[in-house]
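Lettered A, B, C and D in written order, each chain numbered from 1.
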Amino acid sequence: MKYLPLVVALCLGTQLAQADTTTVGQSPWGSADEIGALNRITPESILNVVKRVKSGKTYDLSVEYYVGMPSYYFLGQPRYQIWNVHTPQGTIVDDPNGLGKEKNSLISYSGSAISMYAHTGTHIDALSHFGLKGKIYNGFATEEHLGDRGWHKAGVENYPPIIARGVLLDVARYKGVEVLPESYGISVEDLRQTAKAQGIRFESGDVVVVRTGRMQWFKEPERYMHNTPGLTRESADFLAEQGAVVIGVDNISTDVWPSKEKDNWIPVHSSMLSIKGVPIMQNVYLEELAADKVYQFAWFGAPLKLRGADGAPMRPVALPID
Amino acid sequence: MKYLPLVVALCLGTQLAQADTTTVGQSPWGSADEIGALNRITPESILNVVKRVKSGKTYDLSVEYYVGMPSYYFLGQPRYQIWNVHTPQGTIVDDPNGLGKEKNSLISYSGSAISMYAHTGTHIDALSHFGLKGKIYNGFATEEHLGDRGWHKAGVENYPPIIARGVLLDVARYKGVEVLPESYGISVEDLRQTAKAQGIRFESGDVVVVRTGRMQWFKEPERYMHNTPGLTRESADFLAEQGAVVIGVDNISTDVWPSKEKDNWIPVHSSMLSIKGVPIMQNVYLEELAADKVYQFAWFGAPLKLRGADGAPMRPVALPID
Amino acid sequence: MKYLPLVVALCLGTQLAQADTTTVGQSPWGSADEIGALNRITPESILNVVKRVKSGKTYDLSVEYYVGMPSYYFLGQPRYQIWNVHTPQGTIVDDPNGLGKEKNSLISYSGSAISMYAHTGTHIDALSHFGLKGKIYNGFATEEHLGDRGWHKAGVENYPPIIARGVLLDVARYKGVEVLPESYGISVEDLRQTAKAQGIRFESGDVVVVRTGRMQWFKEPERYMHNTPGLTRESADFLAEQGAVVIGVDNISTDVWPSKEKDNWIPVHSSMLSIKGVPIMQNVYLEELAADKVYQFAWFGAPLKLRGADGAPMRPVALPID
Amino acid sequence: MKYLPLVVALCLGTQLAQADTTTVGQSPWGSADEIGALNRITPESILNVVKRVKSGKTYDLSVEYYVGMPSYYFLGQPRYQIWNVHTPQGTIVDDPNGLGKEKNSLISYSGSAISMYAHTGTHIDALSHFGLKGKIYNGFATEEHLGDRGWHKAGVENYPPIIARGVLLDVARYKGVEVLPESYGISVEDLRQTAKAQGIRFESGDVVVVRTGRMQWFKEPERYMHNTPGLTRESADFLAEQGAVVIGVDNISTDVWPSKEKDNWIPVHSSMLSIKGVPIMQNVYLEELAADKVYQFAWFGAPLKLRGADGAPMRPVALPID
C-alpha cells in the first residue's frame, strides 16, 4: 500500500506534463531526485530478474569505438579519437622513465588515450542533457548548478547500475522491412502491435529497446547519421507510461529526425529527459538479439561514472530469461 | 575428456613461462588467441554463477571520473578532462543549429566531452598493454600489428563481457590494518591466509580482487599514487595458477611500487599480461564489499570496446551469491 | 591635431578607471572596440620602428612547448600535450589511405597533434580573459557574447600583428639579483629606476617587457610556477600610463603571486585587461636580450588567430634598433 | 668566395636528388643539420630585407582558427577544437579556487583550450613531416629518433624566426581566372611567366608564395579541401633551384591533388621536405597582397616552437618593400 501515493503522484505528474511541453517535470521522488525513473530499480526488482535468467549466452549490446565511427559532429562536437601515448619503440627512443635503453627494450610498453563527445557510441543520456527554459528535470537551474565541468545536479554519475528486465521491440521486423524508412516516426500503434506480435507484455521497471534496423548502416557513417527513423514524443511517452526505466534505440538520436514538431527540434529528448525523467539511450546494438528473437532478457549495464557529465558510454549485456 | 589436452597445455605453458621471464607467453588457446584467460568464461560458467545470486543489493566497484582524480601522469600521460561542448546559454549565443534565439531558449542543451589516458579510474588492461622485447602475449609483433590507433591484435575490444564468480581477498583486514604499508609487497602466504580466514576456496574462472585498503586515500591523489602496496610477481602468479581470469586491486598499479625486481620495473604486468595472459585491473572500489564482508559474488562487468586500445574503463557490479 | 580629443578621452578614461577598480573600462576608441591599446599601432608607428632597425640579429622571445612544461593546472586546466597521429610504421600497419604496404613504405608519414590551455608558453591574453562582474572591457556582457567556443567579442583573433618598439626593463639586473625574490611585487619606483639606469625613455606605443629573471627556472616547473615575483596593479598602471600597448613579463602570471589585494586575486589582469584595455603577456623569454643588454628593439609578433579565444600562443622576435 | 664550395655542394646535391626520388637528401650544411634551406637566412639577409621596407601597412597572411574550419581529416586526423575551461558563471558555480561566490562574482574569469592537428590553418611543415623509406631529410632514421612525442631530430622547434624577402606569384591572375581549375598542376612555365608578368626576379633566400585563388573557397570546407590545384614536383623543384627557403601555397596541400605520379601520392612534400630540405606551407592567406598587387615584401613569421612536432601554426605578416 505504501507505494500508492507515489503511483498517484506519478500519474498526476504524467498528466500535468502532457498539458505543458515547455516546462520541466517535477520528480515524484522528491525535490532532491536526480535520476527519475531509475528510482524504480530496487534490490527486489533486480533479484527478480536475475532469478529468471535461463541461459548464459551473452548478448553484447554495444558498438565498438574507433576513429571514423558515426557520431554527432554537426554542431561542432569532437569526434572520437584514440592515440598512442606510449609505444614500445617510442619508449626506447624517449626513455621517459629514465631506465635506459636496455630495460625499456625488455619491457614493451603500450598506452593509449581517448577523447570523445560523451554522447558517442552506445551511451545513455543523463537527465541534465536536455532541459527547458534554462532548467533541467526537477527544476535545477543552470545558473545555480551548471559549472565548467558539467552539472552539479543530475550528472550521469548518479545513475545506479541498471539491472532490469529488458524488452526488445523489433519494429523493423514487425513492419516487414530490413530498416525502417528514412525519417519514419514510430507510432504508438507500431509499438503496441510489435509487442503483441512478439507476445510481450510491458512491466513497470523495464528497459525497453526499440529496433529500427538502422544499426545495419553503422559502418556507413554518413548514411547512418542522417534522417534517422525513430521515436516520436507520443511513442516515447507511451513507453514511459508503461513504466519503462530506460528507453533505447538502435539509432543515433532516439528521436525521429527531423523533428515532427514545429517548435521543438528534439521532442523525445525533451519529454523523456526534461519532463518525464526517463533516461534514453542511443546506438544500442540489437542485431544479435533480433536474429535470435530474444525479446525479453536480463539487462546488465552501468554507465561510466563521469562526474557532472550529461551522458556516458556504457556496454550493456543481455542474458535471456524465461 | 576433450578439455584434457587443453589443461595439459595450460600447465605446461605455465611451467615454461616460469622458466623465462623475458619472453612472452604462447596462448594454450591457439595462435590466434587475443584474450588469454578470459577464454575460460563460457555460457555454462556464466549461467552457473548467475544461478547462485542470492541478493539484489548491488555493489558498485567503480570510482568516479573527475578533473584532478589520481591517474598516471608521471610519464606524461594526459590526465582526465571533461568540458562543456554545449550549454544552454552558449547555445543561445552561438546558435549552432541555426534555429534562432527563441527555439534555443526553449530547449536547454548541455553536452560534455571527455579525454583520458585509457588507464584511468577503474579499468582493465588489455594483453597488449605490456609486452616483452617488442612482442605481446601470444607472439604478436609490434612491427606487424601496432598501428597509430593502437594494436590490431589483442585490443581491449576483444574482451567479452566478464560475468564470473568474484572473490574478494581483504588482505588489509586480514593483516589487521586500515591500509597496507607503503610499498608493501603482498605475499603468496598473505593471499592463502586471507582466503583461509575468509573461508574462500579458489575456483578456476574467478575474478579475484585484492584489497589493500589504499582506496581510502583516493581523494588525496598525491598520497594515493605513490609507493603503493600491491601484488608481487609471485603472488600474482599464484592467483593465476588458481585459475583467476581477471585480477584486480584497489590501487593504481596492481604491482607493488617500486618494483622488487632489478631488471623489470613492472613485473606483475609482465607476468600477467605478457606471459600468462591474465587481464589485470586497477582502482577497483572494494570498500563496500569489504564493509559488508561480501567475499564472493557474481561479478558483472564489460569494458568499453575501444578498438585497438590497451585498456579501457569499466564499471563492474557485484551481487552477493551463496 | 586630430588625435587630441582621443588623447583627452584616453586620459579621462584612465582617471575614471583609477577611481573604480570593480567596473570594466570603456574604450576611448568607441563602443565597438575590442582591442584597446593596440589601436595605437598604426602603419606610421610600424614604419617608424622598422626604419630604426640596425641589426639583423634576431632575438627569439618564445619558450618551447613540450609535455611537462610549466603551465597553469592548479584550477584543472589541461596541460600541454603532443602526440603522433601518423608515424611511418603506423602508416604501414594501418594503411589509412588504402594505398597498401609498398607505397606506404616508400612515403614515411609523420603527423602530430597538440592540445593546450590557450594560456600556455609564451602567449598573449585577449581582453576577454578577465572581466569584472560579468562584463569584459568595453562593457560586453557574458550573457550576450560568451558562447561555447569562447567570446563573440574581444577574442584574440581581433589582435592585429604587433609591430612596435619594444623596451626591456631588466629589473632583476637593476636590483642586482639573479632572480627577484619569491612573491616580490615590482614597484613603480623599480620600473622608473630601471629605465633610468638603462637610459630608456618610454614612448607611447611601446611593447614593454619586464624581466624578473624567473625564466631561468623554467625547466623546473614546480619552482617556476609558484610564488612568482611580478607586477602590482600600481606598476602595471604606471606602464599603461606611459603608453604601453602590450606589457609582458618573464614569469607565468604577469601579476605578483599571491595577490597583494584582499578582494582581487589577480589585480594586474583586472586592471590591464578589464579596465585599461592593455594586453598582457606571460612567459616571455628575455634571457638573450638581457645578456646582450638590448634594451630597445623592434618587436615583431602576431598571436595565432584563434577565433573567440581569450588568449593565444605567439612567438615574438626582436631586432635591435638605434 | 667562401660560399663557393657550399654552392657547388648544393648544386651537386640537387642533381643527385633529381636522379633518385626514393632516397632522402643529405644536407649540404652538414650531417647534424635539421633545417635545410632555412640555413640561408642570416643576420645579413635579414637586415637587408628590413632595410627595404617602404610601408607600415601590414598584410596578415594567416587564416583564423575555428570549429568547422577546413583541415585534413580524411585519414582520421583530429579537427580543430576550442572549448571553455573557465567561464565567469562556471567559476561562480564551481568555485575552483576556493575563494567563494563573492570574489568569483567580482572577477569574471574566461579561459579557453584548444586542440588541433599540427597541420591546421596557416602552418609550416617541419622537414620531419615526410620522409622516404623510414628516414627523413639528412638521414635521420625512425627507429633512432622518432619518439612518442614526435621526432628528436628535425622538429619544427628548430626553425628560426623566418624574416626574408617574400615573393608572391599570382598564378591565378596570370592565367586570368578567379581560381585555378580543380586538380590543376602548376607548371614551371606558369611560374616563369607569372614572375615575368609581375616583373619579379627570384633571389636566393626568398620565401615564395604561390596563389591559386583557392583561398576564396576557404569558408566552404568541402569545396576547399578536395581536388585542389597546386604545385607539381617539377614546379616546386624549380622554385627550390631559384633558392627559395620556404614555399607556400594558398591551398590545403601545396601539392596538386591527386598526385600526378603513380608511385608517390605526395611528390611535392617528398621532394621539398625529404630530398631538398625546403620547408613548405599550406593555407597561406594571399588575398590582400594579391588585391593590392604587392608582389615583393618583407616576410616576418615564426612558427610556434612545438618540440618534436612535424609542423606548426604560424601567422606571417608582410610589409611592402622597394
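Of note:
Please note the rule applied: a contact is a pair of C-beta atoms (placed from the backbone, for glycine too) under 8 Å apart; a residue touches a chain by one contact, two chains touch by 3 or more.
Here is each chain with its UniProt name: A, B, C, D = Cyclase family protein.
Keep in mind that what you see is a predicted model, and the values were worked out from it rather than measured.
Counting every residue number used by either copy at the chain A-chain B contact, over half are found in both chains. Between A-D and A-C, more C-beta contact pairs are found at A-D.
Put simply, the C-alpha centre of chain A and that of chain C have 45 angstrom between them. Each chain gets a centre from the mean of its Cα atoms; for chain A and chain B, those two points are 25 Å apart.
Residue numbers of chain C whose C-beta contacts span two or more other chains: 67, 76, 78, 83-87, 89-90, 96, 113, 115, 146, 148-149.
Across the interface of their complex, chain C is touched by residues 67-68, 76, 78-79, 81, 84-87, 89-91, 93-94, 96, 115, 143-149, 152 of chain B.
Within the complex, the chain B residues that touch chain D are 76, 83-85, 89-90, 113, 149. By the touch criterion given at the top, residues 22, 42-48, 50-51, 53, 55-58, 60, 62-67, 74-78, 82-89, 96-97, 99, 103, 105-119, 121, 128-136, 142, 146, 148-151, 157, 160-161, 163, 263-266, 270, 274, 298, 300, 302-311, 313-317, 319 of chain B touch chain A in their complex.
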